[in-house]
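Below you'll find a set of structures to go through.
Both complexes shown next keep subunit A, but they swap its partner, so subunit B is in the first and subunit C is in the second.
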Partner chain A sequence: MKDLQHITTFLDGVSRYFAHVSKDPKSLELGTPYLVRNHEQLGLDLTGAIAISGKTKGFVFFSSSRALLKYLLLSLGESEFTDQYMSDIVGEVANTISGNVRKTLGPEFHISTPKVICGHLDNDSLKPERLSYVLPLKWRGNTAQLIVSLDSIDARE
Partner chain B sequence: MKLLIVDDSLVIRNKISRSLLSRFAKVERAENGRQALESAKKELPDLITMDLTMPEMGGVECIRHMVTVAPKAAILVVSALSDKHTAITALKYGANGFLCKPFTESDLQSAIEQVLKVAGQR
Partner chain C sequence: MAIVFGWVELPVGRGKLVVFSKLFGKYRFLVISIALFIIFDLGVLILNFYTSGRIAEQTELINLAARQSTLSQQMSKATLYIKSQKLQQWVYQSGLEELRSHYTLFGETLNALTHGGRATSTETGEKIHVDPVTTERGRFLLSQANQLWSGFETAISPLMKDTLITDEEIKPASEFIARNNLVLFDLMTQLTDHFSHEAEAQTTLLRRAQVAGISLATINFFVILFHFLKQLRTRDRRLELKQHESDQLLASIDDGVCLVDANLRIGLQHSGRLEEIFGTNQIAGRKFAAFLNRYVTESTARSAHDFISLYFKQHVSPDLIGDLNPLKEVKAFVEAPSGKHEEKFLNFSFAPLVQEDGETVLLVTVQDITDRVKLRSTQEASETKMHTQLALFSQILPINPDELRLFIDQGMSSLAKVNQVLKSQRGQAQSIAESLTQIMPLAHRVKGDARSIGLTTLGEQVHAFEEDIALLLQRAKAEPLSGRDVLPLTVELKQIIENIELLKSLCERLQQYGIRYDQSVTNQGAKALAGPTMPPAINQRWHGLQTMVDEIAAEQGVAAMLDVRGFEHPLPRHVEQSLYSMAVQLVRNSLAHGIESADGRRANRKPSVGRIQLALSDDGQGNYRFVVEDDGRGFDYAAIERAVKAQHAEPAVDRALSKAELLKFVFTESFSTKTQADATAGRGVGLPLVWDLAKQIGAKVQVRSVAKEFTQFIFLFSCSSQVDDSPLNAKVA
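Up next is the complex of A and B:
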């Protein structure tokens, strides 16, 4: 039940973020969240990873196609789409969504600065004993995922 | 008037700069708290927009030092950390206002007006 509350909070965070960058509410399509084992390959083109510490431990990832990041940069007034800008924005989205959930989960939900990963996520971030929730989304037809991998989601239960 | 933008995100620094460029004669940028303190010593900004989660030195620690380095600067925290505890802590250490990310240009302009007004009343 606690997991479901967390996932709803993260879904709200995703909706809030994209509502701020787009005036068209129909531009965001949220898919159905699903659980995966961490040994499955996860991650799209670029991923912003936020380490979580405090009462809850784990990671929150915003993983995106380059196409979505390009549209995001455009909507924020940028005209450069280099790796530097793509990495910056994917980290900033992960940071913003993770930071916003503190309103519900409280100040003990400590977040790190973002680390950017290219391609599939590594074993350092995805502990094999854990499960992760994947929240798929499309924004302006382009794909991204929010991946929530917290110690409360334990595969051994 | 001089503005100092402190944020580890290049895109956010650009966004704030573009939104406020017409209101400030000079705009400086810093990627973390340490750089912000160095810049503030030299430039004595009138307004500082301050992120909280940054590498090397975070925003709360930076604000604690900033109040002695640039005591006349108004400080607007611009952060994704949306809990009340964080906002109260930042205000306790010397910030004048708090704007939660994500934000629109209009949100930013309103927050700047409010913070300059509050700081002018000190």
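Up next is the complex of A and C:
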């Protein structure tokens, strides 16, 4: 059940970020997690991607709708909603995930610097037939997703 | 112990001797050069001191000689004064005293210069010692002067006796002085000149000696300087050469090598390979443990620090602590130039070295054994994988390949539906419970189908999944569920799907290798399997259900025989699959609830082995009758009613319920007359699943049951039947 431990760590990172921004630990709601094939269309409007290396390999994506990012920028006191600002904020959430992972999972879990992607995800680096987890998120009525694509070590090894 | 240094024998201790001889040996030239420098300087200083004394003496002689000249003139002047005063009958006593004083002083000084002795200083007026003049010219002049002075003494001595002098006494003295005064003056002037020349010669000598001494010292200094510059240059060249050689040596070593000193600091030199291993050149001078801490876990770095500290403790033997090395095959994470972290396995070995100065340093050798370790772990992983696959192979080999293929298709389809339910869920707490209720029968079907063909491990996995759903549903009664609660289910779902995919890939590989599959499945057969109609051959799987019956019967402590009839003709694919799953659930139900134990059956005068019959028949017009029947204890309507009433508190059920109403509950709601769920039954999922499947093929359901005798489920349908979504209208016969 290492997948569960890892996903919980990623999710805690995102929750911590939104709890900090909105001063409400329960502001981020998680829908029912489900699975998608990697060849399917993944992601929302803007995505912060983190590559994972080490014993577990794969990617973690924080993908968000523009609406959520606008709300987020407003909460942070910004009045401009340019793509650059939105990219920065998506990258920041992804960074928070990285920080949480480093703190919780230790040095065996290596995480790259977040990369921001506009639009749907480029699936080239994912194994097309493998399954990824999609954790639907809602913050103040706006949607986002945490997509976890790990080469599971539970089932195959 | 003693060493001979020049002609001096110095007693020294052994240690001192070693150090001294080393120093002297190595710096012999320097010591000699410095000794010469000091000798030259001291020589000049002594000469200076000596000559300065001589010059001071000479100056005093010059002054004395000059005073003698003056005295000779003053004696003449005093004599003339006395004579003149006396002639005029005036007082002459002061002139007489002056003459006497000059006479005495001249005589004393002349005597001192000639024979050595005391004389009155010209500067202080005190008595000083004067050495006799020894130079030839000086002695000659003094001899002349003494001869002349003896005449002066004869002439002047009568004037020394009394305070009153006569004309007879003054006249000859005056005449003699007037006659010889200039000669005496001249002699004294020459003596003064002689002394001046002597002093000048001394000064010249001193100046020359100083110039010579200082020149020699300076030359010596430059010799030292040039010699040492040359030596330094030679030593630098040697050092450069050594440095170059050691650089080349360190660059060519395959392992990472460095030295660690007693302060546990890495030395200034290390092999090039060490930089490659750690991906940095910032190694020299760093604390060993702090450097390691960047690459290994904190606890490993701490252990390494404690371990290498042992090598610098005198009472610890390196041979004894070698086995404690915590850095054997240690895992390190090194940042590659691309920024990615690379996992490496490193082997550190340590060897203490004693240097020339007696200090101990630790030679650290680092080997990158990543390839070796990874190869080994790959071998281990592939062995484990091979064993797992062999176990899976052994599990799937007895299974009819067509049955397995059908299970895989059906299982994946059911699990895709499970995922679809999760995906379409909108996150409301109430609907999470509803979604889980929808998922339960889907999972139940997969579990039943898996066990029906002998996939027990997978069946257990799905059973665990089912258990977790049941637990969540139980919790949902007390508190609302969240997405986090469902996350473990999603993870389990992924594992189940991946395991079925693994089965699929194994199945394909078996086919590739031609094991058994070439006997039962031809290309044509495989195409038929994927087509809309099931070929008769597949219907063999119905007969294979006996295996499942035997397993479950053993688990439940009963014995039963399965009788399958009428599956010889092709059936539409979806119909066959639904019927099969329905049969699986109903057979499981019969074994869990219907067939009695051997004792129970004997009491009811039944054969000890129970009988379950599956029969499919048709009227030739496309109308089918599918019957599942067992000779068990029949429906216990009273127990069903108790269970229904325990679950429903509403007034609608607070009355006696008809058998048809009770059956409706059994087919539509999740409840069981079993108090404890197990892998076969107890969740009340089976019959709702059967009802759901029956609806999909548009079947009408009839149930006949006589207590203690039998239960019969009859499904009537045709191949053209549509999905029937109407409420259950089970007919109780």
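Definition applied: the second predicted complex is superposed on the first by the 146 of 157 C-alpha atoms of A that agree within 3 Å, B and C clash if a C-alpha of one lies under 4 Å from a C-alpha of the other, contacts with A are read in each partner's own complex, and residues count from 1 in each chain.
The rule is simple: a residue touches a chain if its C-beta (ideal position, glycine included) is under 8 Å from a C-beta of that chain, and two chains touch if they have at least 3 such contacts.
Since this is a predicted model, take the numbers as computed values, not measurements.
Per the definitions stated earlier, placing subunit B and subunit C onto a shared subunit A by superposition produces no clash, and the two fit side by side. With both structures placed on the common chain, the touch criterion links A:N100 to subunit B but leaves subunit C unconnected.
In the superposed pair of complexes, A:L35 makes contact with subunit C only, with no contact to subunit B. Once chain A of one complex is fitted onto chain A of the other, the partner contacts of A:T113 extend to both subunit B and subunit C.
Within the superposed three-chain model, A:L76 lies in touch with subunit B and out of touch with subunit C [touch as defined at top].
Contacts of A:R16 after superposition on the shared chain: subunit B is touched, whereas subunit C is not. Look at A:I7: by the touch rule set out above, it reaches subunit C but stays clear of subunit B.
Legend: residue contacts after superposition of the two complexes on their common chain; A:D88 is shown touching subunit B, with no touch to subunit C.
Of the two partner chains placed around the shared chain by superposition, neither subunit B nor subunit C is touched by A:A67. Applying the stated contact rule after C-alpha superposition, one finds that A:G54 touches subunit C and leaves subunit B untouched.
The overlay of the two complexes leaves subunit B and subunit C separated by a minimum Cα distance of 6 Å. Subunit A residues 106-107, 112-113 lie at the interface with subunit B in one structure and with subunit C in the other. Across the complex, subunit A meets subunit B through its residues 16-17, 20-21, 73, 76-78, 84-85, 88-89, 91-92, 95-100, 102-103, 106-107, 111-113. Within the complex formed with subunit A, the residues of subunit B that make contact are 8-12, 14-15, 18, 53-55, 79-83, 85-86, 100-104. Partner subunit C is touched in their complex by these residues of subunit A: 1, 3-4, 7-8, 11, 29-35, 53-55, 106-108, 110, 112-113, 131, 133-136, 138, 152, 154-157. Taken together, the subunit C residues at the contact with subunit A in this complex read 297, 331, 333, 339-341, 343, 381, 384-385, 419, 422-423, 425-427, 432, 435, 482-484, 486-488, 490-491, 493-495, 497-499, 502.
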